[in-house]
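For reference, chains read A, B, C and D in written order, and residue numbers begin at 1 within each chain.
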Amino acid sequence: MPREEDEGHLAYPSEVTAARQTLARMDSRRSSYTGSSSEEDEISPREKSQRNSKGSSDFCVKNISQSAFGRREIEIAEQEMPGIVALRKRAADDKPLKGAKIVGCTHINAQTAVLIETLVELGASVRWAACNIFSTQNEVAAALAEAGQPVFAWRGESEEDFWWCIDRCINTENWQPNMILDDGGDTTHLMLKKYPAMFKMIKGICEESVTGVHRLYQLSKAGKLTVPAMNVNDSVTKTMFDNLYSCRESIIDSLKRATDVMFGGKQVVVCGYGEVGKGCCQALKGLGCTVYVTEIDPVCALQACMDGFRVVKLSEVIRQVDILVTATGNKNVVTRDHMDKMKNGTIVCNMGHSNTEIDVNSLRTPDLTWEKVRSQVDHVLWPDGKRIILLAEGRLVNLSCSSVPSFVVSITSCTQALALIELFNAPAGRYKSDVYLLPKKMDEYVASLHLPTFDAHLTELSDEQAKYMGLNKAGPFKPNYYRY
Amino acid sequence: MPREEDEGHLAYPSEVTAARQTLARMDSRRSSYTGSSSEEDEISPREKSQRNSKGSSDFCVKNISQSAFGRREIEIAEQEMPGIVALRKRAADDKPLKGAKIVGCTHINAQTAVLIETLVELGASVRWAACNIFSTQNEVAAALAEAGQPVFAWRGESEEDFWWCIDRCINTENWQPNMILDDGGDTTHLMLKKYPAMFKMIKGICEESVTGVHRLYQLSKAGKLTVPAMNVNDSVTKTMFDNLYSCRESIIDSLKRATDVMFGGKQVVVCGYGEVGKGCCQALKGLGCTVYVTEIDPVCALQACMDGFRVVKLSEVIRQVDILVTATGNKNVVTRDHMDKMKNGTIVCNMGHSNTEIDVNSLRTPDLTWEKVRSQVDHVLWPDGKRIILLAEGRLVNLSCSSVPSFVVSITSCTQALALIELFNAPAGRYKSDVYLLPKKMDEYVASLHLPTFDAHLTELSDEQAKYMGLNKAGPFKPNYYRY
Amino acid sequence: MPREEDEGHLAYPSEVTAARQTLARMDSRRSSYTGSSSEEDEISPREKSQRNSKGSSDFCVKNISQSAFGRREIEIAEQEMPGIVALRKRAADDKPLKGAKIVGCTHINAQTAVLIETLVELGASVRWAACNIFSTQNEVAAALAEAGQPVFAWRGESEEDFWWCIDRCINTENWQPNMILDDGGDTTHLMLKKYPAMFKMIKGICEESVTGVHRLYQLSKAGKLTVPAMNVNDSVTKTMFDNLYSCRESIIDSLKRATDVMFGGKQVVVCGYGEVGKGCCQALKGLGCTVYVTEIDPVCALQACMDGFRVVKLSEVIRQVDILVTATGNKNVVTRDHMDKMKNGTIVCNMGHSNTEIDVNSLRTPDLTWEKVRSQVDHVLWPDGKRIILLAEGRLVNLSCSSVPSFVVSITSCTQALALIELFNAPAGRYKSDVYLLPKKMDEYVASLHLPTFDAHLTELSDEQAKYMGLNKAGPFKPNYYRY
Amino acid sequence: MPREEDEGHLAYPSEVTAARQTLARMDSRRSSYTGSSSEEDEISPREKSQRNSKGSSDFCVKNISQSAFGRREIEIAEQEMPGIVALRKRAADDKPLKGAKIVGCTHINAQTAVLIETLVELGASVRWAACNIFSTQNEVAAALAEAGQPVFAWRGESEEDFWWCIDRCINTENWQPNMILDDGGDTTHLMLKKYPAMFKMIKGICEESVTGVHRLYQLSKAGKLTVPAMNVNDSVTKTMFDNLYSCRESIIDSLKRATDVMFGGKQVVVCGYGEVGKGCCQALKGLGCTVYVTEIDPVCALQACMDGFRVVKLSEVIRQVDILVTATGNKNVVTRDHMDKMKNGTIVCNMGHSNTEIDVNSLRTPDLTWEKVRSQVDHVLWPDGKRIILLAEGRLVNLSCSSVPSFVVSITSCTQALALIELFNAPAGRYKSDVYLLPKKMDEYVASLHLPTFDAHLTELSDEQAKYMGLNKAGPFKPNYYRY
């Protein structure tokens, strides 16, 4: 099923799915770097006959002739993804993925292209489809195809195209996949249902979306998961960057780009003090806002207190705040009743999960007037003239009105590559047919790949110190339950 | 074994043992509130015949006549321990510890007296000894004895006294203990060795020190632990306050009280970016220091980068820093070689663990001169006149030169009380003969008891929201692996 | 002379001229709210015959029929300019400008329209021209004309048009101006030169640009200034917002919009620690950057130290920084030699003054290649492949890549209105023919008008307290030399 | 008149007088370093016959034999006063005070001894008395006398002694003073009244206290000031450190030492947002407090808003705050009515000015009970058991419960020395018989002397840049009205 909206609803607070990140990233890129696609012809790529310069036609993209432009995009992305490029260099000789045959299904854009080409350099052979019908950067797909990768993807696939592309990756002559890199779970499920024999030959699955992970846990519960799977969505380093560090910057960026609001002196309520909420609060406080927090969990509430935020019920401050930010992962956290009480000019946005946190549907009543004042910004007018400024119609404002830094994508990509390496090379028995988190040592390795960006110099344990601490000098350095 | 110094060396970064906290707290109290003990007579309490006003003589304290003064101390402590007092009120009717017979062995001071009397109000009967030969507040012990609690403890016990006191708690007529509240593991071990039959009747052990927990895990590994034990030392809420929130304030307080240093503009290196290091860095940055961090763990190093600190090797900055703080839990992090390179006037202190982080012994060489300039402050002079300011001879400076807020003790006490309640009331089979962490729901309850102090108002989930999140409305609200 | 670029170079650190602010603001508005102007016809407004709905033709705008759209723009702006609207209400009955005949020459856009209509509501009659040939919002000019204000302005005036418009404001039948509100000094100078008799009748001039103020001081020195003038550019409240508070937000916004850079962990050098530099440093530190400062003034350098920033020479850190920001007001602070030493990917931008701080001309040599990657972003490539990211070609990045909040414009507008009121109503003798700063009491009044936005409640002195302090209860509250 | 309490009440917000600083500093020193003075004999120094080792008896101190200990105190102080020591070195060859004959009257302690000996090294000859009857460090006075300085001071002078000592400095054979360094104005006034002829020969007065400055301005107004005087109390650099930077640290230190309060999560109201208030707010916010501000001045109120603080009337938050800090310079800012409304356990302290801000007298009523719980800490009990914690009985808590860093004293001392140099060397006519602020260039020089402490490297203007800015390369760098 070609997803446009990730509807997973696990009990995590404030997850940002990588799927959406990549989508937004691509949108931002597109408007910046690539030309309009309005001139693209209407012939389906499936009906075109295309060959790359080496004569191969084992791919299906919009227009192979755009490959040079796509190559430049990939080169620029490499400059902003130091970790994955470092991994490529460090592991180039080992070829830890030699023999791996990976079916990939992710967004296809400059950043994922860097990941795909890294996997190939590490020894893998790959076939790749898009996990989203709208997010493919056509010129990047062309560049991959020109470089010899069998890519089946273009922007604006039909649903039928979507499944056809995945099928073309899985089912081909003389190539039997043994690994899956999935984003949303569609490739996993197609293979499981349509090619069960082939699925049994898979050595491991790497999944990075909330939805896909949820589906894997359900499979596992149902006893249908016959291969080990790595949940990279919840790896420590990746989560930290996806949530705390990304959102700390994107809340500012999103609000500013959408509304030009001045932060100094504003009263803001942030619903939820998980990692996303913490990031939002820290950034807003840093720019001179007075921030209130709502929480359901007393531990997080106590943290908010100790960090200097008043913990309130939403109803206590709803009449006075200038900005409301949701970051709970829950639904209907902001109701029509709340919005009826807001003062004129209040900005309302969602940094949390999906589009459920603000009850936007409750605003679609005859007594209220919607004015779209620019892309992603609606003014909702009450009969008395009150005006609420709603961003991105309640969808994730950080993805709609900001962009995900390449550095964050680099961390996710490294995590995925290492998960594949681990699963492919693990000795028999290390992993059973279950869903695993990335081993802490790998998480630490992802982190270490990104330290040179900051010119950060790690201290090494002496033998004596390692012995005193009961640690291996190469890590892992923390017990599994460590909270960072 | 009557401990004066906790020598546990687990692989945790920067643990602060509750044992030491209480000790330091008491010291601070003593100097503030209580008169000098110089006039105390030299007769051993064991040789005195004392009775409380109700005629009981089932106790052994220094001087029962001091009880009124001790009672006032306890009353003041109650005002500063809102959580434990709230627990007392909420559970007073339930008497969840009715039938519990608790042998306790902790520091004995105003704060622990509040805990002890809370346990009694919740239905328990108790017998109590001191876990440290120097830390007992005699007047508080007297107040407990006057109130009818069998207390066996005084400041300045001999080692033989120490074991005699514990023995008198365990082994008495007509009273068969079924719970142990231990701090250091001495009661547990005495009972296990000397009264093995009695030990088998125990329903649960609650242990709060690093050392005691370490000994429990060793017992468990060796198959000798025949009862469930609760490791309250590592409960989430307690750890957060012991480390991050306490140290954020005590690093400032310790340095200021010991040296009157002005923080603005100073260069500081903090070794270790665990919870203690994070707290130190945040506070020092907040007062205008430039802070450098050393780390062995790439994940923590990356966190330091994202929080705005340069991650360096100690040797890179050792010549330029004004203040050096250790918070690693490791040994010999600061060596003589480092100290040889420091500039004149550098302040060196340890916030981490035990007294191993700074190699203080390496400074006890004939070429260096030590000058004690005041309590806890030594100037070490190099032959060329260079002067290093060493605090607390490398022991924990936050305990030597600052004090632990009662609020933090309140959190620890609640955690202990809830652990006892949980173990005492758990249905058969919930806990086996192993070492457990406090259930998350209890951790959340401890937090909730302390929210009113901050006038913090928790939001409740609606039925619909709880269902959407897959949560119970009363918690627990997070999966076990949640990192806060 | 129709200015496009303000070339004033006074000895102030880091001034932002109001002229440019308004320009940038307008640009931002235009792209957001108003349609493209591509369809506008080519007939000069001077050749068109236009009448407003009341029959008046005493104006000259692009297209009177656009007035409804312009009116909506003005209404939106009013919502974001609480101070000036409050002033309008408070003084509506007093009509403190009754009898004032003001020739105005400013940018013409929604925000200035609010100012103009406020002056009228306060009793003034006005005639208005544009101070910049490119910055007029045509639909706003139309709305003003429709409302009966004699406006002479359109986007894309020729230089001749420019002077014609101003002349039409000054020289008209039955209307003798007695006040000037100027932005750049062109109206003042035209009147002085062409209508010296009329100039002598003027009661006061209010000037808000660096350039205009500079010209007034020169006139004054030369003994040619025959009327009192108010330098509103340097009023305390206005300057604070123009520099510290605006730049604290716009440095983040500018860098993010232009480059999508992630701030966490980045090394930044800020040249200059005046108000603009302070704002930049505070914001960047708050988002996790390590910030270095360069300074020439030891007092500011000491402030930087105490605020936790390392004070360095640029050459010491130029090889390691990721971002360089200038905020000095000086020239050639960043030279080609510096840029030769930067590492790959360094972002270079100017927050200070004019376009002189970065020696951009030194980059226009044959060995370097410029690539424009998007509007306001150039990549300059060195022969070895090194890439420097130059923003806005060294012009003010906060104006080129961000926008000035309406709140800041509201403060400037209030300051202008109060300066006019003060000059118009001052008793004879209070002001001589010189250049004055706004009286502190007026500055305080501007501030007080904006407090309700933040729901801030001022405390009033009791009689006893006022006497003790030697203050009037209504202010001013500080001596003139007070540094805030 | 020997002052114990400075009662000056100028219209400055939150001044801290240097007099008190030095006093508190000395108290802190005394308790740390020097032994008890209880053994001191009861014979008046005036009746003793003492000689130093060179045979001079032109001094009067408690006990010349303590000089070695005093010398060590002075040496330690030198290490902590980098600026004044640097000044000594830089100017040693120039001897800019050659020929100066200075009568000094200040506190006499290790820090002022460093100043006195610096003046001598720069060429001056001096005679010195104490400005306070209780603050003299006897051993330091002895060390100065031993080194040949005619010092007349001891701890515990009678009022008659006090004036006798000053007289002995002024009126001696073969030595005609030409400069006065005063702290409080007593020497100035004694000379003016008793030795008017001598007073007319004075080339300049340097005064550092609020009171002394106030008296000078009164003299000037009354036309009685016949010599130029320098008000060093209000010099930019000194004020910055006395107020903002000192108080940022001492509010934390004072509260912690006095009460062991935990800051995290506490609600605090700070009355007054001048420099002292700003410092307090910044520090408290940095440690996790929620801070409210009260203000009478709309400009400062707006600053508080933009810095993220809610601006309230005291009555709005008085029932909920945990800590109240005054920093207004005003009187009765906190009344009995306010204190009646506070909740149990509220801490009340004054960081502002004098002892007037909190109406402490209103608490001395029969219905309230005072309990002194330790030095500087009183609990005031209401009939219902409510307990307010009052620090230092409403006097300046930063001086009573904390200490002033030597670095701050170093800045003050440099300022005084430079003021003397400037007045002594100024060409005829530069200064008239009036009260002056230190020239900005001197202020900048004081700052520059302290930069090496922070290893801060100043940038020098190029000739081209200096010309562009219209500045001298050596400064001053800012116009007089610059606000920093």
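In this section, a contact is a pair of C-beta atoms (placed from the backbone, for glycine too) under 8 Å apart; a residue touches a chain by one contact, two chains touch by 3 or more.
Predicted model, so just to flag it, every value in this text is computed and none were measured.
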*Spell out the chains that contact chain A while also contacting chain B.*
C, D
*Using mean Cα positions as chain centres, tell me which chain lies farthest from chain D.*
A
*Measuring from the mean C-alpha position of chain A to the mean C-alpha position of chain C, what distance in angstrom results?*
41
*Geometric centre distance via CA averages, chain C-chain B, whole Å*: 58
*Can you list the chain A residues in contact with two or more other chains?*
245, 264-265, 288, 302, 305-306, 310, 454-455
*Under the touch definition given earlier, write down the residues of chain C that touch chain B in their complex.*
264-265, 285, 288-290, 302, 305-310
*Inside the complex, what are the residues of chain D that reach chain B?*
28, 32-33, 79, 245, 248-249, 252-253, 256-257, 260-267, 282-283, 286-288, 320, 344-345, 373-374, 387, 402-403, 405-408, 453-456
*Provide the residue numbers of chain D that touch chain C in the complex, in ascending order.*
9-13, 236-237, 239-240, 245, 275, 294-306, 310-314, 316, 329-333, 356, 443-445, 447-448, 450-451, 454-462, 464-465, 468-471, 475, 477-481, 483-484
